[in-house]
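Next come two complexes, and both contain chain A; in the first it sits with chain B, in the second with chain C.
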Partner chain A sequence: MRRAISLYGLTFSLPLLVWQLLFFVFPLAFLVALSFWTVKNFTMRPDFDPVNWVTMFGKPVFWQAYGTTVALAASASALASVLAFPCSYAITFKLSDSARRWAIFLMVIPFFTSYLVRVYSWQIFLSDAGIVNVILGWFGLGPYSMLNTPGATMVGYMTLSLPLVILLQLFSLVFIDRTLIEAAHNMRCGRLRTVFEVVIPSARVGLVIAALFCFILTFGDFVSPVYLGGGDPTTLSILITDTTKSGQQWPRAAVIALTMIGTLLAVAFLAVRFAYAGQAKGARK
Partner chain B sequence: MQRDTLVSFEGVIKRFGGFTAVQKMDFEIKKGEFLAIMGSSGCGKTTTLRMLAGLEAPSEGTIRLSGKPINHLPTWQRDTPMVWQSLALFPFLNVRENVEFALKMRGMAKAERRQRAEQWLDRMQILEFADRNVAQLSGGQRQRVALARSLVVEPEILLLDEPLSALDAALKVRMQSVLKNLQRETGITFVYVTHSQSEAFSMADRVVIMSRGVIEQIGTPQEIYGAPRTRFVADFLGSSNIFTGKVLAASQSMVEVETPDGRLALGGGNLPIPPRQGDTATLTVLDTKTHLSVSRPTGAANIVPVRVIGEEFVGATATVYLETAKGHEIRVQKSHDELAGLPLDIGQELFVHWAPTDSHLVAEA
Partner chain C sequence: MQQTRTTAQTVSRRTFLTTSAAVLATPMLSRRALAADPTELTMLAWYGHAEPDIVAEFEAENNVKFVPKYYTGGDNMLGLISQSPAGTFDVILSDAEYVQALNAAGYVEELDPADYALDDYFPEFQQFPGNWQDGKLFSLVTRFGFLGVAYNTDALTEAEAASYDVFWDPKLTGKVGHFDWHLPNLGQMSLLTGNKIPYDIDEAAWEAVKEKTLTLRPQIGGFFDYGGTFSSLNDGQMLAFAGIGDWITGVLEKNGAKVKSVIPEQGGLQWSECFSIGKGSAKADLAKKWIQYITSAKGQAKSAQMAAYPALIPNQKGWEVLQAENPAEAKRQGMTKDAGNAIDMIRAGRIQYRQWPIQQDLETWNDFWSEYKGA
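After this line comes the complex of A and B, so read on.
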C-alpha cells in the first residue's frame, strides 16, 4: 500500500517539482504548442495547424542543414575522442598521482573564460592577417584563408568540447583494473595491442558517454558555426535564428528546435545502448 | 646448475625506493615440481613471483629460465602465464573469448584456437558455460576459467598468486585437489604463492618459507614440519614448542641446554654444527612428539612440570594447553584415546616429557 503524500515529504520534493515544471515541462509543452500556431501578416496566432511541420519537412534547405549539423557534430565527436584519448591515456597511466591531479586541474582552467571569448580569440589567430598566417609568412607560406571555413568551425567545436571529453575519458580510464592490463601483457599482448584489446573495451561506457557529450554540445552550438564558420554551411542553430528573423516564423523555428531535441534524445538513447551492449554479452542466453 | 633446473634466482634483490622487498635471494625451481612460496603478507613472496613473471624487474641479480637470463625480457615476451588473486578475467569477454585470448595473441587461426579452448574448458568441466559472461559464474567456476586461460597455451611453468583466497573453505579444499591433479597430469611446473600453511603443505612438493624478504627455509613439507630450521619458521608453523637457553654442554651426539623451564637435552642426528658451551640456543619440539603423564616419568631426559590451562578439540585429535612455572605456554597434541586416562581439569599438575631425538636446534635469526 502506498503511503499518502505527507506535508513533510512535499516540503522537500516540491521545489524540485516546481523547478521541473517551470523550466522544462512548460517550455517544452509551449514549444510543441507553438509549432502548430500560424503566422499571418507578421503576427502569430494560436492555432492547431500542422502546416509548419509540413512546410519545414518539405524544404530541401532544412534537410541540408540537418545533414550538415549531424555530420559536423558526428565528426567533432570522432575527432575529439581521437584527440582526447592519447591525452587522457597518458594522464591516467604515465603520470604520478600528484602530476595527475595537476593535469585534471589544468583541464578545468579553460572553463574559467567564456566560450564566446575563446571563440573570438580564435578569430585573431585564424583571420587572413591573423597570428597563424603571420607566423606562416615568416617561412614563406600562405596566407591561407582559414576563418569562415568548416575547419574553423571544427576548431571552435574542439575549444568547446575537448577539455570535457578528456576529463570524461580520464574518469573512466582511472577506474580500469590495472591487473587486467598486466594479465593481457602476461598473455603476450604488447603495449599498443593492449590499448585496443583491454583498455578501450574496459573504458567503453565512459568513452561513448564522452563522445555523446561532445555530440550534444556541438549539435546545438551556434557560436562556432557563426563566428568561425561564417554561417556557411548553415547549421540548424543558424537556421533557427534565420527563421525567426524572416517574417516572425517562430512556429517554424519551434519545429526545428523540436526536431533537434528529438534527434538528441534518439542519439543519446542509441549511444547509451551501444555503450552497455558489451556488458550484456552472454547475459541474454 | 642441475640438469632438471627450470628457474634459478641468482643473487636477486628487489628494492622499491628505499624499501628492500626481496633481499639477495638464491634458489632453484625444478622442472615439473609444485613449489609453494609461503609467508605472511609483505614478506616478498608476491614480489618474487612478479619478478619471475616479468611484471617487476629485479634491482640486482639474475633470473634464469631454462638456463637463459630473462631479466631484460618484458612479460609479453616470456612464457610465464600467471593466475591472479583477483583472477583478472576480462569482464568484456565471455568465457570462451577469455580462454582464447592468449592463443589469439599468438596469432593462432580461429578454428584451431576455438578447438584448443574447448579442450581446456572441457578438461576444467566448464564447457557448458563457454558462451556465458564471466560475471554470471560462481567463484569456483571463475577459478576454472582462469586456470584454463593460463594453461591453454600449455606452458612449461604456471605462476599462481593466492588464487584460492577468495573461495569458501569447502571449495578451497576441492580446488586444491583439482590443482594438484592438474599439476601431476600435465607435468607443468607450478609456482604457488600463498599465506596459507594448509594450502602449501597439502599441494606442494617443496615449500619456500619467506619472511621480510629473506628465504627462511626451503624443503619438502615433511622436512620443514619435522625440523624447522629457524625460530621464525617454528613460530610461523605454530606446531612446535620453543625453548631458549644457555648451552651447558655440547658434544657430537648430545647438547644440554639450561632453560628457565629446566635442563633440556637434544641429540641424535640433529646437530649438523654442534653449538659451543655458553652459546644461546633455541630448541623446538613438535606438539605431536610431546607426551603427558601424571607422575614424574623415570629415565626420561626432558621433563617439564606444567599445569593444564585449556583443551581444544581438533577433529581426531585434541590439543592440551599447558603452562610451566615460569608462565611459558606448551602445547601437546594427542589422539583422544591417548588422552583418555589423564585428568585434564584446569589447574591439574602434570609432566610433559619427550625424547632428546625429537628436539631440534633452530637458528635465532
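After this line comes the complex of A and C, so read on.
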C-alpha cells in the first residue's frame, strides 16, 4: 500500500535525505568525477580521461598495498572477534544487571579520548626502551622490537575497534532467547557445545556485524599503520597520502579511495548476506 | 482591550527590532570608530612562521594581526592555493622548488628587487635560482638549511655519521628511519652514488641510484611524517635518519635529546624557503612591508632562531645581529666568521640545492619511492 507523502512525514525524513545527499552522494559523485581529471604542472583540470584508473590499476605497488590492507583488516576483524567474544559472553551471562551496566559504561569510556592520542601513548609502551620492555627486563627477557612492526599496527587496530566490537557482540548476546540455552542444557548439551551450537548461531547477525565494523574501521585507518607500524608495510591509506604528496595527484588518490569504497561495499554486502542467510527461510516457516 | 494588546505588540516588536539592529550594528560602528583595530594579514606557510616569536614585534609596530594557514609540504600548499579564490593569501611562504610552480600557475605577484635589502645578502643568494624568472623577481629566499645524516649521539660518533654509508652499518639494522618524502632521500642516495648534481642525472645514473637505494631497504625501521620523525628520534627508536637535517635535530637538541645532524663527506642538500606576495592580495603593500621586515637584518636574526625550527639565513648583516644577540646559536648553526661556516660549505661545493629531478619526471621518482617502500 502506498501512502501519499505528507508534510508531516517529510519534516522528519527530509533532514536525513538532505544529509545523505549533502555529505555522502555529492562528495561521492565529485570523487568519481575527480578520478577522471588530469593534472598538468601541479594544476588539476576537469577532464574525462581514464588515465588515472589505468595508471593506478597497472601499478604492482597498488595491488601489493591492496593485498596488505585487506589482509590486515581481515586479521584485525578475526582477532577482534575472538578477543571480544569471551568478554562479551561473560558480561552477558555471568554479570549481574548492575555490573553489566558498569561494564557497558567502561566500554564507552575509551571513546572519550582521541584515538590519535591513545595510539601515540602506545608508543611509550611499545618502544625499545618502553614500559613493556622495561617490565620484561625485570624477568631477564627482551628487549624485543615491537614498535614499527605489523604487530604494533594490530595493537592500534584493537585500540580502535575492540571496544566497539565488544559492545556490538554484547547487544546481540543480550537478546538471545535464554530458554534456548536452558533447553540445550536440559538436553544434556555441554557448556562449550552450547556456546558453539546455540549461542553463536543465535547471535550470528550481531557477531558478523561487529566483525564487519572492525573491518570497515581498520581498512581505512591511517593512524595505526603510520604511528605504530612505522608506515611499513604500505597500506592503501598511506598510498593515498603518498599519491597526493607528489605532483598534486588528487585524481589518482580518488581512484584509490573509490576502490576502497567499492571494496567496503562489497564486503559489507557479503557480510550482511552471510549474517542473514537462512534466517528469512526460518521466518517463513 | 483588543486594541491595546495590538498596540502593545506593535510597540514591543518595533522596540525589539530597533534594539536588535542597534546591538548588531554596534561592533561594526565601534570597529569603524576604533582605528586601533589591527589589519588582518593572511599567511600561507609552514608551521611556526606566524607564531608570536617571529611576528609579535611586526604586528605591534604595524598594527597588524597575522592569520596563518599552515601546511605540511609543497603539494599541500599548492592544493590550498588552487582551491582558494585569488587574494585569499596575502603572503605565501614556499620551498624554493615550488616557487616555479607558483609562478607558472600565476599565483604570485612580481616583486621589485629595489624594495628589499638584497645587497645585504650573500652574493650566492642575491640571484637565487627559482626566485627569478626572465630577469623578474617573484620570490625572495628568507631562510635555508642543510640536509645530511641525522644521528643519535649515543649510538654513533660524528666520524661514523660523516658518510651516508653509515645507514648500511649492521648495528643500525631496523634503526634507520626515512623522512617520508622521496626528494631529499633519493637526492642523498644520488650524492652517495657519486652524482655531483644529484638531481640532474641521466638514465644510467638513475638506475644506479635505484639499485643502491633498494639495498638499504632491510635496514629501514620505518617511514615517518613530521611528527613521527620527531618522536622516533627523540625516544631513540630510530638511531639514524635519512632525508632530514638540523631543522628537526636542532629543535630536539635544544630540548636535550641526544641527536645531531652532520653533513657527510659526499655532501649535503639544501632546502630554502622563500616569501612571495599572493596574486590579487588587497594588502600587497603590507605584505611587502612584512617581507622587507623578515629579510632585514633584525628579522633575519629572529628567523634563524625560530622556535618551531631553526634555519640558516641568507642576510650577512643578519648573521652579525645573530652573533651579537645569541652567539651560542650562531656558533651551533655555523653562522660565524670562522672558517668552515655555512657559507664556506656552500662555496666549497659541499651543498647542492634540493630541486625537482631534471632528466626524469617527478612522477618517476615518486613511483620508485612507493615501490621502495613496498619492497
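Here is the rule we go by: the second predicted complex is superposed on the first by the 260 of 285 C-alpha atoms of A that agree within 3 Å, B and C clash if a C-alpha of one lies under 4 Å from a C-alpha of the other, contacts with A are read in each partner's own complex, and residues count from 1 in each chain.
Operating definition for what follows: contacts are C-beta pairs under 8 Å (C-beta built on N, C-alpha and C of every residue); 3 or more make two chains touch, one makes a residue touch a chain.
Treat the numbers as computed from the prediction; the structure is a model and nothing was measured.
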{"item": "Contacts of A:127 with chain B and chain C, given as first, second, both or neither", "value": "second"}
{"item": "Contacts of A:9 with chain B and chain C, given as first, second, both or neither", "value": "neither"}
{"item": "First (chain B), second (chain C), both or neither touched by A:59", "value": "second"}
{"item": "Contacts of A:27 with chain B and chain C, given as first, second, both or neither", "value": "neither"}
{"item": "Greater chain A contact set [chain C / chain B]", "value": "C"}
{"item": "Touching partner for A:137 - first (chain B), second (chain C), both, neither", "value": "neither"}
{"item": "Touching partner for A:245 - first (chain B), second (chain C), both, neither", "value": "second"}
{"item": "Chain B versus chain C as contact partner of A:262, first or second or both or neither", "value": "neither"}
{"item": "Overlap of chain C and chain B interfaces on chain A (superposed complexes)", "value": "none"}
{"item": "In the complex with chain A, residue positions of chain B that touch it", "value": "53-55, 74-77, 80-82, 84, 86, 88, 90-95, 101-102, 105-106, 131-133, 136, 149, 153"}
{"item": "Touching residues on chain A, where the partner in the complex is chain C", "value": "41-44, 59-61, 64-65, 120, 123-124, 127-130, 145, 147-148, 226-227, 229-234, 239, 242, 244-250"}
{"item": "Residue ranges of chain A in contact with chain B within the complex", "value": "177, 179-180, 182-190, 193, 197-198, 201-202, 204, 278-279, 281-283, 285"}
{"item": "In the complex, chain C residues that touch chain A", "value": "73, 75-76, 78-79, 82, 101, 104-105, 174, 177, 180-182, 220-225, 227-228, 231-232, 235-237, 362-363, 365-367, 369-371, 373-374"}
